[in-house]
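Look at the two complexes coming up: chain A is in both, with chain B in one and chain C in the other.
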Partner chain A sequence: MAGLLKSEAGKGLALSAPASLYVGLLVAGPLGILVAYSFWTQTYVEIDKTLTWANYLEAATDPLVRHLVLRSIFIAGAVTAATVALAYPIAYFIAFRTNKKTLWLLLITIPFWSSYLLRVFSWKLILGFNGVMNSALLSLGVIDEPLTFLLYNEFAVVLTLAHAWAPFAILPIYVSLQKIDRSLLEAATDLGCSKLERFIRVTLPLTVPGIIAASLIIFIPTVGDYVTPSLVGGSQGKMIANLIQVQFGPANNWPLGATLSLVAMAAVGVVAILFVLLATALGRRIR
Partner chain B sequence: MTDQNIIEISGVEKRFGTFVAVRDLNLELKEGEFFSLLGPSGCGKTTALRMIAGFQDHDAGSIRIAGQDMANIPANKRPANMVFQSYAIFPHLNVGDNVAFGLRKLGLGKVEMQNRVAEALEMVELGGLQSRKADELSGGQRQRVALARALVMRPKVLLLDEPLSALDKNLREAMQLEMRRLQQKLGITFVMVTHDQYEAMTMSDRIGVMFQGKLEQVDRPEVLYARPCNRRVASFIGGMNFLEARVRADNGASVEVDLQGFGPLTIDVNPNAISRSPDLLAGIRPEQLEISATRPEDYDASLQGIVSDIAFYGESVHYYVRAEGVEDPIAVAVPNYFHTVDYKRGDQVWLGVQNASVIDLGAREG
Partner chain C sequence: MKHFVTALAAATALGATTTMATADAASLSVFDWSGYEDQGFYGDYVAKYGGAPSYTYFGSVEEAFTKLQSGFAADLAHPCTDGLRKWVAAGLLKPIDTSKISNWDKLLPQIKDVDGVTIDGKTYMVPFEWGNTGLIYRTDQISEEQVSLQLLSDPAYQGKVAIPDAASSAYAMAALATGASSYTDMSEEEFQKASDFLRTIHPNIRFYWSDAGQLDQALASGEVTMGWGWNQSELNLIWNETPAKMMRDTDKGIATWVCGYVHLEASTQSDEQVYDMLNALSAEASGKYIIESWGYAHSNAAAFESADQGLIETYGFADVDSFFEDSLFFDAVNPKLEGRMLKEFERIKAGF
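The block that comes next holds the complex of A and B.
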């Protein structure tokens, strides 16, 4: 044992053991149970443990499942695009245009100081029929009756999540911008680039890893988000996680719920891999 | 080198807040000249270079390149290219794309662009390495890529910011000769910033020595070494013993002096030494002194002292000799003849000097 702890590999194993154990028990374990359930069948209160593909067949053929998976991916994609697009200029500002970096980084983490649920509820207050936005516009005389397209749809989901995720996008992009050697930018200028060309040819390709990290951090959990769509999504803002919740709750069909979870995971995985490949290839094309 | 001026800098000043980084800079560089700005760190040499490149604007005066005033011309439009101290190789591009970076702006045909990249890489002896990745390059190769990337633009002026400081000694010396050869072959004006006196002397046609934002002296390396204008320049380039000299008679082109420790001597007046006063500062290069066990004959003056320290440099040995009436030990450099000259610490020795070896450095407070 003492000999093992002296070697580099042994030390590494010993140091990572608690985390590995934790992750193994609390992620791999439940995932295994989920996979097992997906091949079983619900018969009223009993679980029939005969292995079957029936759940997967149902998931593949049910148009509602396909619709919700596609919508989840679409909404998550929109949230990711909106968040990254809004976060990039902020990260750029903090990395290049201010000396008060610590203050700014502290400020962008302020949303974390209040509960996520509270933040979603406050968006409800802002966007609702009698909400802040409508009352303000009404009293200003801009509109005659309250706007109804603000809440209970995809737009509200995208807006709420883009706000909630902002720090997760700003930080990795900021780190990749901060790492850029300033002499590279001067070299690009020296070789004839205007500021815009310099951004496209040097800054942007060098921040591709940050953009990819930010996108994955946002996209993956958003596809499976359940709270936001149920609170501000209305009926047209429902996502796959809401259907999964129904299977584990009211419908009491755990095997189908497990199957839907795995299908959603697979879909996210495929889209994420395609995105990484595409973004990397695009970054390489810029010369 | 031609007689045509390629860079004309007059009265240029640069301030950062209250700190004056460069004061009243006046400089004319000839087409095809290899010019070095030499000075300790923080002397303003890099700021001067960056003002020529356009990365820093100047607060007063004018900078002209090829007859054109650079006042309103941004860095990306100037006919000058730069080799950065860190080399600034784009990490996301391979060698070929790094060299082609600036060319893509020029709207060249694909074949012509490839030819120019290949030609530039041949020039720096990296032929055929186009597809090598940036992170697979050694320090020396990075330096060559940076050089090729700037030269491929065929600039009128190439600016080099401490281009060799990141390389080890052997590679640095090889690159010094190679860059000098390349510069003479291409006939492009090189302006190099360095804090390494040997680098400046081996490579340059002329050297400008800067201290605290002020250009103190601009001259050919030989002149700078033989006739430095004051104590600062003299001590920055090569080794130098400083001694006080009291003027006894001024003959115009030469003065008769009483040299501290050595006694009466006649030394030439240094045209570069700006101020004159009864008391002069005199300098003697360590290798200009003769060391011997007995009083040397055939020398214009001599003194007796005791060896206090010995430093072995391989090609030469430096003896430090303490003499009466001289505060600091006098350094003497002796070529290493494999121990035909071999003194020990504490030995009694004589130092001899010729009139011509004593340099007038102007007023003592200069």
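The block that comes next holds the complex of A and C.
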């Protein structure tokens, strides 16, 4: 044992063993079970364990599945774009324009002090028929009847998710801005760049890794979100995770649910890889 | 909160090792909807064992089924008749020995006869409470003569309608609206007609409600003017003084649901204790309490005589016999049809 711990590789293995074991048991294990389930079929209350592609065939040919997967990707894409675009200026401000960085970072985490579910519910109260927004507009005389397009659609889902995930975008972008060597910016100014040029040609390309990280951190979990669409999405804002939940709940068809989960996972993976390739290429080009 | 206090009391009693009976009370576990831990529902049990059983909660019958099937154990559970066939098929239940239920003969015969209380000749459920699912509407905006299930599909009510996010309830409504002979065993043609009806009302739907509170609030605020919901919502609106009521005309369509307690196969407690609880739940005093304090109808016929008649009138149970004759009961649906309903309903909700 002592000999093993002396070698460099041995030390590495020993150090990574707890984490590998943990990840292996809690991620790879369940994923394996999911894959196994996806090849089985449900017959009323029993599981038929004959291997079959039937679930995959159903998922591939069902227009409802395609529709919901595409909508989920669209909603998650919109959330990512909105969040990153709004987070960048805040991160920029904290990195370059203030000395009270710790205070600002603390303020940004405040939404996380309350439960995610409560935040979704508060959006429902804000956007609702007799909610804060409608009451305010009615009393100001801007509108005569409560607006109904605020809640129960894709817009409400995007808005709620963008608010909930904002800190996840701010932090990685802030870190990448903070890492920028300030002398590079001075050099750019010395060489005749205007402030805008300096931002586009130096600052922005150097923060591409932060933007990619922020985008992935937001995009991947939001594609699979089901609480937000089920509370504020109405029937027009349902996402693929809602259909998966139905399979594991009321429909009691775990194998189809497992297949849909894997299909969603694959779709997310493909989109995420394409995005990383595209963003990296763009980052190189503007440099 | 109440169950927490009870649990605390039970825990304290355990710690102090007072009487054996007190410690026993909480050893019976009940898997239930939240709110049913109310001690008024099983006064006789508390009197005998000196405390309440321990409660675990579920939010929907489907969730309860999934949890039990993945190995969760309790002594009693509280599902409703429409889902029970699946529970029996999955081997989750023990038959009920009705000879040990002292109140069995006092239970409303029509409720005892609901398919799902008894399946394939064996009784699996002691019916506890029942009520109506019907069309609740704003009386200040729709007149009693005008209201009907067909009105749900009227383009004038675009965005003014809510129905449950539950396939069986939605199809029961559609069966009533399209005049299907039975809802648990629809013919192909009737199923298509019911699905088409749900499709025609889809554009009018503001939301498919998943918790009753959502419907109550929307009706109270005027966000929707009609909703298919439980009598509990009607009561909340009455208590809130909202001008709304349930369409109780059986010709126009109303459904009746029945829920009750089942003895789980995984039960580890003695039959004596389990049946003491079942007897306490079905007792006349419990019935009186649930009718007066909760506005729910109970299965014990004697409870309707001893409860406050004025309240019975207000809550809409004055003429129970007429409901039993013409309302649609949430019987246990044929499994194959249930699967098709679930699948088709997902499509309809997504606009397909």
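Criterion: the second predicted complex is superposed on the first by the 287 of 287 C-alpha atoms of A that agree within 3 Å, B and C clash if a C-alpha of one lies under 4 Å from a C-alpha of the other, contacts with A are read in each partner's own complex, and residues count from 1 in each chain.
We take it that a residue touches a chain if its C-beta (ideal position, glycine included) is under 8 Å from a C-beta of that chain, and two chains touch if they have at least 3 such contacts.
Here the structure is a predicted model, which means the values were calculated and not measured.
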| item | value |
| --- | --- |
| Partner chain(s) touched by A:191 [first = chain B, second = chain C, both, neither] | first |
| A:206 touches, of chain B and chain C: first, second, both or neither? | first |
| First, second, both or neither for A:129, with chain B first and chain C second | second |
| Partner chain(s) touched by A:118 [first = chain B, second = chain C, both, neither] | neither |
| First (chain B), second (chain C), both or neither touched by A:281 | neither |
| First, second, both or neither for A:183, with chain B first and chain C second | first |
| Doubly contacted chain A residues - partners chain C and chain B | none |
| Contact set on chain A toward chain C in their complex | 44-45, 63-64, 67-68, 128-130, 146, 148, 152, 230, 234-236, 238, 243, 246, 248-252 |
| Sites on chain C touched by chain A in the complex | 60, 62-63, 65-66, 69, 86, 89-90, 159, 166-167, 202, 205-208, 210, 218, 221-223, 335, 339, 342-343, 346-347, 349-352 |
| Touch list for chain B against partner chain A, complex | 53, 55, 74-77, 81-82, 84-86, 88, 90-93, 97, 100-102, 104-106, 149-150, 153 |
| Residues of chain A defined as touching chain B within the complex | 181, 183-184, 186-194, 197, 201-202, 205-206, 283-284, 286-287 |
